[in-house]
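Just passing along the structure, written as structure tokens.
Chain naming follows the written order as A, B, C and D, and within any one chain the residues start at number 1.
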Amino acid sequence: MKLSKKYFADERDDDLVEIGQPRPRSDIRGHVTGRTAYFADRTFPGLLHLKMVRSPHHHARIRSIDTSEAEKHPGVARVITAKDVPQNLYTILILIQVGPEDEHVLAEDKVRWKGEAVVAVLAETARAAEEAAAKVKVDYEVLDPVLSIEDALKPDAPIVNEHHGRNYYLYDSGECRKVLFGDVEEGFAQADHILEETYRSSPIEHAPLETSGCIVAPEANGRFTCYTNTQAMFFTLDNASIILQMPGHKLHMVGGTVGGGFGGKVDVTVEPIAILAAKLTGRPVSFIYSREEEMQVSSPRAAEKIVIKDGVMKDGRIVARQVTAYVDAGAYSRHSPYGAQKAAAHFPGPYTIPNVAIDSYCVYTNRTPSSAMRGFGVTIGDFALEVQTDKLARLIGMDPLEFRFINAYRDGDMKAHRQPTEGAALIECMQEASVIADWPVDERFMKMSSRGRED
Amino acid sequence: MAKIPVQFTLNGSERAEFVESGTTLLAALRDKMGDTSPKGGCHQGTCGACTVMVDGELRLSCLTMAETCNGAHIRTTAGLANGEVLHPLQRAFENGFAAQCGFCTPGMIMAAAALLERNPNPSRDDVVEAISGNICRCTGYEPIIQAVLSAARANSTSAA
Amino acid sequence: MGLSLQTYPTASEAQSALAASNVRYMGGGTLVVRAANEGDLSFSTIVRTTDPALSEIETSEAGVRIGASATMGMVLAHPQLSYLAPAARAVGGPAVRNMATVGGNLFAPAPYGDFTVALLALEANVSVAGSGEMALETFLQEREGLDPSALVTAVSFAPPPDSFRFLKISRVHPKGAAVLTIATDIREETGSIARARIALGCMADRAIRARRAEAALVGRPRTQEGIAPALAAALEGIDPPTDAIASAWYRREVLPVHLGRLLLG
Amino acid sequence: MALRRGRGVAAVNYPTGMNLGGDPTQALVHSTPTGSFMVTLSSVDLGQGLRTVIAQICAETMGVPTESVTIDTADTDTGPHCMGTFASRGTHRVGNAVVQAAREARQVMLEVAAEELEVDPADLETDGQGNIRVKGASNLNISIFDTALAAHFKQGRSISGRGMFLVPRSYPETETGAMKPSTCYAHACTVAEVEVDDETGEVSVLSVKNVFEIGRALNPKMVEQQLIGGSWMGISHALYETTEPYYPNRTQGPRDYNAYLMPGPGDLAETEIAVLERPSGDGPFGAKGPGEMCANPQIPAVANAIFDAVGVRVDTLPITPERVLRALKEMEAAGAG
């Protein structure tokens, strides 16, 4: 790695003692000797294993659930259904007032995605739990699923999630989060070229080496200690407290080093049901996703569809950018309304464009609920923006790197969401890239600065 | 359920436990013998986090039945260091910042140790092949490859 | 119910144990223990044998016999089987290769079973305890219909002259599941192909012979034009799977490309 | 057959912390009787090395060596609230809370030392080696060890501090979307070079040259490891990853690491990293959050390089060999027709 100190040297104090030093990682000795403690590196006598019975359908009504055979299976300690969960309806961001509650801890009336949790089985061994889970009988009436953003937004589409009453999230701004700046139609009218393109992505899994999970131990004083690999201790505690209708002081979350997160361990999907199981049985409970569950059941990065329409001048200036973005939330909100909102704030990218219109939708389908993942709301948007930018440069016959210099934002420029740019450094990154990648650009671009405009 | 005796040498110590028939070596090591250095990343044989050595050969402990290891010599990352003196691979992983979350590290180090025991002067391709059964989601592999090569160099220097 | 493992000192005792219900035979464990870990409830007893005869590898100029319990690692380490090293190395990473057996590979579904593709091009025979010997091609076709207690004990084949080639295309390197696998044994005499054996992996749910392509090669020169009919013929009768690695469409599209490169390479 | 090379560029920015703010973190710092320092948090270390960088931030602020700082975290019985480790917020938000807590603790520490030395606290400085001395008179000094002992057993004071960092929540204006999503942005530019097999659609990323502007590299080696890993993940997103290869048919959904595709150790691009530092106005020592941003620019850079190599656009992720080959065949058909 090259630490390039020549840029912005006057804005930095480089005479610090500890900051800037390559101190060894405090956890590295544990990692290389195998002694780092992860949540599952503990043993508990009498540990019960939780296995989840999951929906085999994208969308179905539950007519009945019969757990009687499963309960009789040797080694089974308890079978848990929706009626056992004190506050079965929840949504994780309710803590910061992003509602409505739209998801069941265990399915009640309907299942809305293939893999949704329906019944939890607790047994002495994982094998006994598997065997008993196979004996749970769920009678489903299969419903038409909604499997794409386009289908979800059709006027006659089946409703995926009745708690929203429509197949998109309703913001205070309406059916989407909007950003309006300048006059995009006027911009298109003056443009030399218009380019409208559509970009898409597939869900992406975090694939951490350690799957999501927790072990809950009931304590003698009536509290529950939950050893968990959550990325957010109090997020988990507070949501568990609401779901279980249990005061927070009854709960004790213990984390440690997490075996990779990437956003996949921000959802609160394992802890509440495991704590409930420990409460109902009085025994320690382990609920750890299998690799298959981690891959297909834990929420992925959302599939997205992004339509970008640009107006560009022959001299390289982008004069209008209209973005319509759709984030496929799957069946439940989790963090997707937040993600779609973050996308609205991120467009039109790190460029100064005088006329911008953004519509960012959070859409519900009968897909695995999507949620947080490294850069969500931005990562796929950046793919779309930067491929589009490349297309614009080629459309007017300009070098793609030089084209970006022309449009790059600089300190003082007003962004589309009406914040003045501060602390920009895109131009300097491109200057350094020009050098290290041997991609020469015109001298005037090498003289540019993010700190202001020449004229 | 009848319990089955398992008895083997773990990192030089004689160990014996009773396990349920059908228990994997990974479960026996972690739950019965207190060696949690092998990690259960997939239980499918596709991630390598549970890699150990059985009689000098790399094995996936999640796919190995514990009772098939009776009488064997089993080595795990927990037994690599000689007291406080780290194995050259452990030193190289530390110095090279070759671990982030650390969950793949014990298995990765066992895979690398098996390579260096057979081939003290591996090429980059040899290292790539040796760790190919071990998934890492954090580092992008390059620091790990460099650490293994550097451990090999350190070894050959100290031998010379 | 739980799960139990039964270990027998001889193959014949293991074979007898396989007659019971809910039993699965375990070679190296890479298929069976995985299935058990994943909650496969179709078996509750795992049978294995420690019979040393099953792990033997015998090589002579006349023939090679590899015991079903021999691992990919043992094949890789064998000095007389270097032509099979690329195929053995195609199976998993080093730890898996120390476990995965030659016998087990015969049962691996696409996109796995790369080693079997090599054996198929070598026209190997499979020894099945109780049923005697049968051609690997027949075995693969009749695999599911065999007696539940049928136990594969060995594979055997004639060692090829320096004419054996193996190619595995995967998305991930060096260890990745196959987009496709090709093994060929092409022998030339006086400028044209006299004998051709081609086996394909991932062109059906199990390894298959490309007999039409083989026929289209015989008598032809090993040139771009010479092999062209064979490349077209290779697409006849295939039914490639669609999986996470590649679609049937893609596998079909690139089979002639890779086969052509292997034949001319 | 032809292996055709191309290169592409992409430039991005990325906001630090939760979008629109409103994501608090608290920290407590206290000394032990013998002058070690405990930072108490409930933040989670996911492997990015939060504990180490937080120890460095505390040490720099206190004026003590990093090794004398212990991080006690991820326990809700002991640590005060933290929103969590996500949204590239760890270093920035937790770091700021720790700076505030450490400043308060440092002030008490200097007051205790001043009383022992019978000087004005404003005249004192730390030497970074575990001592406090009078500015300009280095013979007038006291060790932090003795200072902590005096605080505990003689003066009856607690060398401790409380820290809290909260970017106030911004509420978007409904019609215009006027809002404050973030207080600082990291930046990046990546140039990728690829080789495309025009008969099979296979893409190899030969090299990626990444420039990242991250405010301040608080620990350059840990920054480097995160940026290298992130760059790998970006390439992986571009070419490999999907949980639903043929959606809506879920039958081929990957269930393991054999089927969930990511570049293996034999698929690595030659990776170059350059880091620029333009300190943020409100980050601890100018730091911004690089954790998420570093995996983004490779995706469009690779896509643009593929176009440069073979002249086709694949606007759907991941850019699989199949999608490239289909696009090549469509282009061929269009050209022929």
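Rule of thumb we're sticking to: contacts are C-beta pairs under 8 Å (C-beta built on N, C-alpha and C of every residue); 3 or more make two chains touch, one makes a residue touch a chain.
Labels paired with UniProt names: B = (2Fe-2S)-binding protein; C = FAD binding domain-containing protein.
Just so you know, these numbers come straight off a predicted model, no measurement behind them.
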Which of A-D and B-D has more C-beta pairs touching across its chains: A-D
Chain A and chain D, separation of their C-alpha mean positions in angstrom: 17
Whole-Å gap between the CA centroids of chain B and chain C: 29
Inter-centroid spacing, chain B versus chain A (mean Cα positions, whole Å): 33
Junction residues of chain B, two or more chains touched: 20, 22, 42-44, 46-47, 97, 99-103, 128-129, 131-132, 135, 137-138
Set of chain D residues in contact with two or more other chains: 46-47, 49, 221-222, 224, 233, 245, 253-258, 260, 262, 264-266
Contacts with 2+ other chains: residues of chain C: 2-3, 36, 38, 173-175
Category of the chain touch graph - line, ring, star, complete, other: complete
Complex interface listing, chain B residues touching chain A: 20, 22, 30-31, 34-44, 46-47, 49, 76-78, 80-81, 86, 89-90, 93-94, 97, 99-106, 109, 135-138
Interface residues, chain C side, partner chain D - complex: 169, 171-177, 179, 242-247, 249-250, 253-254, 257-258, 261
Of chain B, residues touching chain D in the complex: 42, 44, 46-47, 97, 99-103, 127-129, 131-132, 135, 137-145
Chain C-facing residues of chain A, complex: 51, 74, 125-128, 130-131, 134, 290, 292
For the chain B and chain C complex, residues of the former touching the latter: 1-2, 4, 20-22, 24, 43-45, 48, 51, 57-60, 62-65, 67-68, 111, 114-115, 128-134
